[in-house]
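First the structure, which I've put down as structure tokens, then a few questions once you've had a look.
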Amino acid sequence: MDNDRPKSFPQGEQLPVPYELASLHAHQEYSLVQVGGISIGGSKPAVVAGPCAIENMKQALSIAWEVKRLGADLFRGGVFKPRTSPYSFQGLGLHGLHILGEVRLETGLNTVSEIMSIAQADMMMKYVDVLQVGSRNIQNFELLRCVGQMRKPVVLKRGFATTIEEWLLAAEYILSEGNDKVILCERGIRTFEPYTRNTLDLSAVALLKTLTHLPVMVDPSHATGLRELVIPMARSAVAAGADALMVEVHTNPETALSDGRQSLYPKQFEQLMQDINLIAPLVRNKRDSRNESVGVSPALLSA
Amino acid sequence: MDNDRPKSFPQGEQLPVPYELASLHAHQEYSLVQVGGISIGGSKPAVVAGPCAIENMKQALSIAWEVKRLGADLFRGGVFKPRTSPYSFQGLGLHGLHILGEVRLETGLNTVSEIMSIAQADMMMKYVDVLQVGSRNIQNFELLRCVGQMRKPVVLKRGFATTIEEWLLAAEYILSEGNDKVILCERGIRTFEPYTRNTLDLSAVALLKTLTHLPVMVDPSHATGLRELVIPMARSAVAAGADALMVEVHTNPETALSDGRQSLYPKQFEQLMQDINLIAPLVRNKRDSRNESVGVSPALLSA
Amino acid sequence: MDNDRPKSFPQGEQLPVPYELASLHAHQEYSLVQVGGISIGGSKPAVVAGPCAIENMKQALSIAWEVKRLGADLFRGGVFKPRTSPYSFQGLGLHGLHILGEVRLETGLNTVSEIMSIAQADMMMKYVDVLQVGSRNIQNFELLRCVGQMRKPVVLKRGFATTIEEWLLAAEYILSEGNDKVILCERGIRTFEPYTRNTLDLSAVALLKTLTHLPVMVDPSHATGLRELVIPMARSAVAAGADALMVEVHTNPETALSDGRQSLYPKQFEQLMQDINLIAPLVRNKRDSRNESVGVSPALLSA
Amino acid sequence: MDNDRPKSFPQGEQLPVPYELASLHAHQEYSLVQVGGISIGGSKPAVVAGPCAIENMKQALSIAWEVKRLGADLFRGGVFKPRTSPYSFQGLGLHGLHILGEVRLETGLNTVSEIMSIAQADMMMKYVDVLQVGSRNIQNFELLRCVGQMRKPVVLKRGFATTIEEWLLAAEYILSEGNDKVILCERGIRTFEPYTRNTLDLSAVALLKTLTHLPVMVDPSHATGLRELVIPMARSAVAAGADALMVEVHTNPETALSDGRQSLYPKQFEQLMQDINLIAPLVRNKRDSRNESVGVSPALLSA
């Protein structure tokens, strides 16, 4: 096992950075990831919304129509659920994928769902437009290579205790297989603070915009675990420069099979969309700020 | 020593919350802290700017005039500096206070500076308008009681590893001495991530607005340690609902005696002011969002 | 994704504990895991030793003969290496397994090696006597189920930021597939402290002996990352009640392909064996202390 | 405020280490701290025992006689209690000091108690033989200088999130005032793990023995918060090379005013004394291991 000691910024002779394909320096411009007609990484933040888990056709369709009506770009819903306990609800599996397919057919929304193993790759290819690699698999290198070979867009969630450098190197596994459609998703890190589920690290978002050309997404739902904090943290994420958001929305959170406590009501999601659509245009043109940032080498950052 | 195990949200019979004077529930409306003609906690974010340390009269005055011209509300500058090593520059002390007094006289800016011990209280009363209690003193209870008795506005910085509950209880020490002019300042917590100096916890800002009536300030300079991140994190903080910002600005960061790496150039500070003045009006009326929040008891938050 | 907020001890009506098969309460006596003629979990601590990575036949055999001569019970050596970067040495793979097979044949030492994916299962069955699941795969649930079905003894390493409860639930995945030969291996957690590679959590070892019947191993090499600390931490682990140790030993650490900095010289390993053989008999009879512990329910622990 | 980013080991030109007076390199032999007839830092671990807080004369005397009978070297008991909440029991203050004086007079045990402020210095001089600086005051530099000038032995507890380097620099504040009688006390750091109160960092103990000449103490009571873990962690601490232990003992923990859950019954303390007296002689001669360590420069440690 190689060294898991968190690394400082590379300095002097240690340059270039170890994540060559992911680095902004090598690429020189920000990447756009296209999903259907949606661009992730452009001037308007893309919004992925939906329930934590697909529960049944009716639930999925009703939420999908709601979030579409309110402006969501993509529909999310878990069908293979990573569960801490072997005795918890593990997701609907293939049946859930069929539901995702139906949602796409009926609403026209492209779909995002988590892939947990190589064995699911063939099934996912058919029904899912964006593959999500979850926090628990951030260093499941075989799965990273697999999604690299699948060539579909990938949302790569940061692990509970993954450094920014390790996260970029996990992206590098996918990129090095020839798939450059990687979206990095900040979803909170584990700290000593018990009031929130995790600690959302928005500095990482701003820092990533100086280090990598890949689009950056933020998931305020899993980060905070508290519905009350999702709207302000969504605003905050966009203000920090996030290219996309992933939020949990449920028409009936009280009965949700998982994570109801952090799911927005549709009315709250509407508010969120209004808020971020006001803020996004005010975030200074990223291409300009990139030009400033490109001049800042990691070596200088650590000086 | 009482139990330092981080506590979950109080539930059921454990209510009411342990920070009675600080709680929003007890107070029912957000507090305004007045400093000279400046209101902290109102509709416009207040901005505290200046160098990390006061170095000499010329440096202090030139920075003060610059930040005043660009819209800062208060001038900050350390004269008693908490230093990890006994061999590092410890600040100008009383001479630095004289400089702060001169800055106030010439520019009309009220001053913010850190108090490290009771022995400094008399000196501080004369030259400093807002007392800062630093992260290292978050549980220096004698100092908390002292600033409580001084009745001046206090900026209470969160400690490196202080939970939100412990922070509110530290505020409670000040409040219980009869001083209700407390401003909570988030400045980053210590985590495993080595790229940033600390991890800025903006969820704490949004959560505090549901728990306490006290104004909340954010210091993106100490939180990140990197100049490049200060502007995006300032935007983010305002979008999260922060009532005030504290930022380090230096006319010549390369020669700064401390923290030059995180100090903004005046031109960057100008950009920051433009950015936050655009975003602040878009953050939904806090009084409205409070009304929603007040209905959410901590017991429900942890359900 | 289910809730990743660290959980407090279960209280009152939340009992029984969620890791039913792993719990000491349900099992009532400590389990022994047998590997060849070696018992893990008995009165004498078992010692697993060898290089971080298998490099070639000569290196593997020379280290194996050395550690056997000095009293090691099992030989460890990685052939599939989880690497943070896709560009780092990834292990010898199948060729490495052949070397492990040869080491076993010549020295008679049973072998321990990491399995990273289901695709490696068939190969591993033939050459490896104890499967190791690495920290990065602690919540790779598919792999956990796979090693559950393989029915070989499993060393389950704690993740970088895995709580004790999550770790026991990961073990529960393996146990629930019918494989009860699980050994929990503490290897350090990620904290803010930069001097050591990780922070070795020996309280977890003592606490596990009150919560589970599974044997507990400690890896002081990965935990500290510093050769100087391996001997004292090995002593400490045994004194805390560890049933087994895993240590990296190399005949030529300076040229090791990975982790040379934390590998012991054979002479140091000899000292380690002497030290722990003196301390182990003094650790009060575990069966006795268990009897005390069994009376302590998790509910009381959190009172 | 100077940079609070955790520092890596000093390398190359950054040597010498910043804690010159505390460094083993500069001092070349381990220091002994004498308290009455007791040596801390010698071949036998010194044991400090007593209640968390002094409650009344009868409680203090009965516990003191018990721990003396069972082999404790020094008596601990808090009279000024740092409390997270202003509404909690704050200790008996001067009356508690009188009790400590009486305990010393009657039992002959020297006393250890926490000093929280300079205002307490005169009172403490009379009744307390060893001053304790608590975790919350690890960077209360004024208090550090004060105990430096008092010239009494000082137990310096590590802060919740204090790095080893910051801790040694806090000791340096005391040493630089001319007081070389400093004992470093590891008491657990704050991490994500919720089952234990803190995470006891025993690697720090072994590492300190390579970095500093100052004696190292371990407090397993505050570190774990669970009585069941105190004996195994005390054994572990001695096996790691600790020179001293501080443990909470109470004749009636159920009624203790604070921290009853982690206090040992006298019968358990007796077991602890037996255990450590068996293990201590087996820990290889520290002077020998020092000689090995002295050859290892911090620069090499980080290579």
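Observations
Letters A, B, C and D mark the chains as written, and numbering starts fresh at 1 in each.
Following the convention adopted for this analysis, contacts are C-beta pairs under 8 Å (C-beta built on N, C-alpha and C of every residue); 3 or more make two chains touch, one makes a residue touch a chain.
Remember, predicted model here, so these are calculated numbers, not experimental data.
Each chain's centre was taken as the mean of its CA atoms, and the one lying most distant from subunit B is C. For the interfaces B-C and C-D, the C-beta contact count is higher for C-D.
Between subunit C and subunit D the centroid-to-centroid distance comes to 31 Å (mean Cα coordinates, whole Å).
Each chain gets one centre point, the mean of its Cα atoms, and the points for subunit B and subunit C are 45 Å apart.
For subunit A, residues touching at least two other chains, in rising order: 6, 8, 161, 190-192, 194. If each chain is drawn as a node and touching chains are joined, the picture has every node linked to every other.
Residues of subunit A touching subunit C in their complex: 1-6, 18-19, 52, 78, 81-88, 114, 116-119, 134-137, 139-142, 159-161, 166, 169, 172-173, 176, 190, 194, 197-198, 222, 225, 258-259.
Subunit C meets subunit D in the complex at residues 6-9, 161, 163-165, 189, 191-196, 199-207, 209-210, 223-224, 226, 228-229, 232-233, 235-241, 261, 271, 275, 278-279, 282-284, 292-293, 296, 301, 303.
For subunit C in complex with subunit B, the residues that touch the partner chain are 8, 161, 190-192, 194.
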